Amino acid sequence: MIRITLVNPNTAREMTEAIGRGARAVAASGTVVTAVGPAMGPASVESHYDAALAVPGVLAEIAAAPDADGFVIACFGDPGLDAAREVASGPVVGIAEAAMHTATLLGRGFSIVTTLARTIGRTEELAHRYGFAAACRGVHACDVPVLELDSPSARAAVLDRCAAALATDRSDVLVLGCAGMTELTGAISAKLGVPVVDGVAAATKLVESLVALGLRTSTHGEYAPPPPKPQAGLLAEFTRSFE
Amino acid sequence: MIRITLVNPNTAREMTEAIGRGARAVAASGTVVTAVGPAMGPASVESHYDAALAVPGVLAEIAAAPDADGFVIACFGDPGLDAAREVASGPVVGIAEAAMHTATLLGRGFSIVTTLARTIGRTEELAHRYGFAAACRGVHACDVPVLELDSPSARAAVLDRCAAALATDRSDVLVLGCAGMTELTGAISAKLGVPVVDGVAAATKLVESLVALGLRTSTHGEYAPPPPKPQAGLLAEFTRSFE
Amino acid sequence: MIRITLVNPNTAREMTEAIGRGARAVAASGTVVTAVGPAMGPASVESHYDAALAVPGVLAEIAAAPDADGFVIACFGDPGLDAAREVASGPVVGIAEAAMHTATLLGRGFSIVTTLARTIGRTEELAHRYGFAAACRGVHACDVPVLELDSPSARAAVLDRCAAALATDRSDVLVLGCAGMTELTGAISAKLGVPVVDGVAAATKLVESLVALGLRTSTHGEYAPPPPKPQAGLLAEFTRSFE
Amino acid sequence: MIRITLVNPNTAREMTEAIGRGARAVAASGTVVTAVGPAMGPASVESHYDAALAVPGVLAEIAAAPDADGFVIACFGDPGLDAAREVASGPVVGIAEAAMHTATLLGRGFSIVTTLARTIGRTEELAHRYGFAAACRGVHACDVPVLELDSPSARAAVLDRCAAALATDRSDVLVLGCAGMTELTGAISAKLGVPVVDGVAAATKLVESLVALGLRTSTHGEYAPPPPKPQAGLLAEFTRSFE
Amino acid sequence: MIRITLVNPNTAREMTEAIGRGARAVAASGTVVTAVGPAMGPASVESHYDAALAVPGVLAEIAAAPDADGFVIACFGDPGLDAAREVASGPVVGIAEAAMHTATLLGRGFSIVTTLARTIGRTEELAHRYGFAAACRGVHACDVPVLELDSPSARAAVLDRCAAALATDRSDVLVLGCAGMTELTGAISAKLGVPVVDGVAAATKLVESLVALGLRTSTHGEYAPPPPKPQAGLLAEFTRSFE
Amino acid sequence: MIRITLVNPNTAREMTEAIGRGARAVAASGTVVTAVGPAMGPASVESHYDAALAVPGVLAEIAAAPDADGFVIACFGDPGLDAAREVASGPVVGIAEAAMHTATLLGRGFSIVTTLARTIGRTEELAHRYGFAAACRGVHACDVPVLELDSPSARAAVLDRCAAALATDRSDVLVLGCAGMTELTGAISAKLGVPVVDGVAAATKLVESLVALGLRTSTHGEYAPPPPKPQAGLLAEFTRSFE
């Protein structure tokens, strides 16, 4: 049995549930998926400010699941990924990371369609960091806020942007750049005739695979457990010792 | 049920069997693994010449398994990967590709230990192509031919090279650069205390994941089925039409 | 008059004071320097975990200085830089960023000497992000914790590492990779005969220059004020509206 | 006297002859040009599948010309170049490689116009591998199959695409991305007023130059003669020993 | 007191004066700015030929100011920067260099608007050399010669090009790519609502900062004073010995 | 008949003659080689200062040979190459450029052995500009001044450095990084068993090839003839009009 905890870095409960459904839909039969959201931090992540304030909650949720075999950070900016790797009880994968890795196995280049234009910079930075600066042909915004992705007009906007991106970027593959888009994957793929990668599903399979392979984050250098240290004030509860 | 065919590009039957064992050890319960080797081509792949002559056999094996859900090319040079993607009935992953993707999820940088020094150039080229030029900190040869990896002295040479690579490259993770090293993974990881990635196992899980996600190579552009065309002479049997 | 607030992301008061001294030593006569440290977060920043937990405090200090003309984030990992740029009342510069920019004006390549080896990955990542992957010839650790840099033996270790880095990397310039090394700058430069860049001093001058030029972070796209949003739980006090 | 063998990797005899004419038109007086085509493999190269199956024929032709001083592989994907370098009796140059090198001597950036859109990915990959990712400003398809380049309408399509590429890419130089376009070079250059590089002619001069300089592929490492090895089945005739 | 000498590499006296005004407008109270132009070389720099012939004059002006604490080369191609660094009595900064460094502190990406299209290649080359290949989103020409930037229609052309660049490139920041555009900075920023960086002002502050920090070009390797050597003929007066 | 003018950018007459000999040794029978050196500028080029002052002389020599079909700039820093391309009557190739292009046709990676360590920065910069940042595995200095390369001890130093570079860099090919090393090529290749590329010979063949191909620098954009313009003072004689 493999236990995977998906952490939704925002406090929107419905999104947490949708993330759990998305993960369970692709998990192997022996895998138990738990989707959690933090008690602290932003209602959705749409800025660097939001992302920064989402990270303590992500770390708290990871600490609260010491028996999990692996973790997914279910926000397309992959907030807190490095810190999570230092302290988690198993491998950790971000959904942007997972989606990009997966997309490169399916074609020469991919396009990403995301929510607000202001998140494009972060997404491009992640593409560079993960090694996909050349494979990522473009990042496009549909200008729909994260928590309004559910309406029919929002779905139409995402689909339109996907079609336009495909034409402009000469891409083979589409990546949906927000955990809130999980449930649009099938429809867009059917409509446009290209593989469409959802980060939540992709990350779930990658973590499941790492656990099956007996692999977890290296403790040999950068990601060894952090030196113990007092955390002051509001964050005092984060004073922990990691072995 | 997911059916994965692993193609060993060389004609060494024992290696084909070992590859099958390596894949089965990590496959999910519902996954059926078949390991095959071609009837044509080189006894092992240790040069560009060998790799070039291994490709027709790889393509023949893929054509011979039209019911497979996904494929692994089980040689660290990933020979024939692009061509295979055009014609296969499901997603195709190379073991070098799989190992490098997997290694980057476990630390900042990885080192590769391979067989003969003459293969280093190809490995570095693949690291660049896949986007891991920065993550791949070094490629090192242990100077043992592919078909002699089984002896105790060969195993000691591989282990020594791994230890040295770790120290020189400031890496977090090791990658074994030959399908013939599959069975050394556990011992090296236990000895050196870092994650050790075997490409055969990693590729098996990646293909299994892609199939579970309902994803396969895009047919939207470069990897659409090739235009039908006569293949002459010795290779006449490769005249096929792909839909 | 130009008012610059330097934020020390850790809670070590003596370091805050040393940072203030370092900045004042180079500020122009009309510049007023204020060095502050947060009431929350880690005693020093030596891991991704520490860095993540330091960011809320940095953002709180920036919010607490709405009259400042510009800001410095005085920790070599530049924690919270993107978020700070969205919300600050003036330009924000990180000390790693400032040191690297400054070093490239003085020679072809620079070496960085930092505290613990586990921080090297983050430093290399910043060098890439800022455009200095080629100019940064090496990052070296002296294996002294941040809060122990004051002892004579620590100073000797830093100096030794600097001399070794210069020889190994064929660099023209040295960069000190920790705000706690500010006071060693002069001695090392005198000893080794090369320019030595301290990030605190460099950042102070860069921010002062930006203010004098009438420049601040663009609000045209990514760094526009964040959309207003509730922040829950422990972090509720970060619920703010930015115009 | 310098003997150069040009290998057309496809079985289209007329194209082989045109390639020979193109090479002879630029060869020095003391150079003897022989153009050959294989007895096996695809009628034209328009997919990765075709390219893979063209390689054995290329290697057979090279083995059949042990007295040649140098070789050109006359297909814009440079199929089999690495393997050819290991086994040829003299230097080997691909026409994509030659065209790109030559183009960079004539201006800051070049555009490539090729046949089918599905070959663009391979061409971009070669530009990266050869070092010309920045110099290559764009790769454009005219959507004419290789064996139909002779018609007036095809020639018009190529010319139109060249004019458009020049305008879009802000390039100084054009490269024709198919050996079948050799005879259009002069007309396009006259019409558009920029240097137009044909790979067949460029490669002929590069190989001639290497031979005149007394240079051939290094046998010091990666490109040393391959270790002898049995090749099985259909490809048994490729079992050879190289000194 | 800090003495900065700005060298206008062309012989257009009015431009020298405007450069001086631009620098004085931002210099600190204790800084003395001197703007000089050479007695030899081109009337304006609009080609590689002009730039090459501007360099001896730049070097002569630097030699003529041995008491200056720092230098600015006030032409956007940064002509002679490396040579100037070898021989100057203090740090030297080019205005392209300064503008690009400054722009990256204000947003994710910047666009450059320059004079003639033929200078774009050099500008892109500098962006690469300085590390800003990714941050520099585009270089655009307004097709106004350097010495005609003063007319209202020229100013309108520059403004139009800036607006277009911002829209096309998804940039946060604008850089004006010619010393002759210094006096347009404020108007363009007011009109377009983004930070606009003028290289003359930016370089003045960077040099002032370096001097305040006690930093100058490393003499440790590449930029050590040049070996003494006779300079013949027309350039005999450049025979000097540097200590 | 092809007329090639080689310009030695320094005033050392013996070196000019050796360069002429080196070129003639490889030129085709119908090629007439003329080697010239300027009447102005440095006795040898060993610094950025020297290189800057060598350029006017290079441009003067090119203007003095309006009937030449092509040009070589015979100094490893390729001084004045861009300016020369704007004004020359035929294609222009630098010897660093030529050597690096040629070396990449002979193996995966090359090492450069040059004279003084202070020239390494420029050489690395050229490797980046020409696209060979990855292919160039290392640049090494033998610490022999340009005009002292003739002595037996100097030759021994060059050979030693070559042998060491080969071992350290895992290179296939050597490049000699100074026109003054032309006559050592054969001996080093014989001794070390790898291809050794001399830039003078390589550039001669490249220019000869370009002329034979009917190709010269594009006049379409950046390298169009420069706008006519007065050149003042000492350089007044460089006032020319180019059509």
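To keep things simple, chains are lettered A, B, C, D, E and F as they appear, and every chain counts its residues starting from 1.
The rule is simple: a residue touches a chain if its C-beta (ideal position, glycine included) is under 8 Å from a C-beta of that chain, and two chains touch if they have at least 3 such contacts.
The structure displayed is predicted, hence computed values, not measured ones.
Summarising the inter-chain layout, the chain whose CA centre lies farthest from the centre of chain A is F.
Ranking every chain by how far its Cα centroid lies from the centroid of chain C, the top place goes to D. Chain geometry summary: the mean Cα position of chain B and that of chain F are 44 Å apart. Centroid to centroid, with C-alpha atoms defining each point, chain A and chain B lie 27 Å apart. Within chain A, contacts with two or more other chains are made by residues 108, 117, 120-121, 128, 133-134, 170, 221-223.
Checking each pair of chains for touch leaves A-B, A-C, A-D, A-E, B-C, B-D, B-F, C-E, C-F, D-E, D-F, E-F.
Residue ranges on chain F touching chain E, taken from their complex, read 11, 38-44, 46-53, 55-57, 59, 80, 82-83, 85-87, 117-122, 125, 128-129, 145, 221-224, 226-227, 229-238. Contacts from chain B toward chain C in the complex involve residues 108-109, 134, 170. Interface of chain B with chain A (complex): residues 26, 28-30, 91, 93, 97, 101-102, 104-108, 130-135, 166, 170-173, 193-195, 197, 201-202, 205-206, 208-210, 212-213, 215-223. Every residue of chain E that touches chain D in the complex is listed here, in rising order: 120-121, 124, 128, 133.
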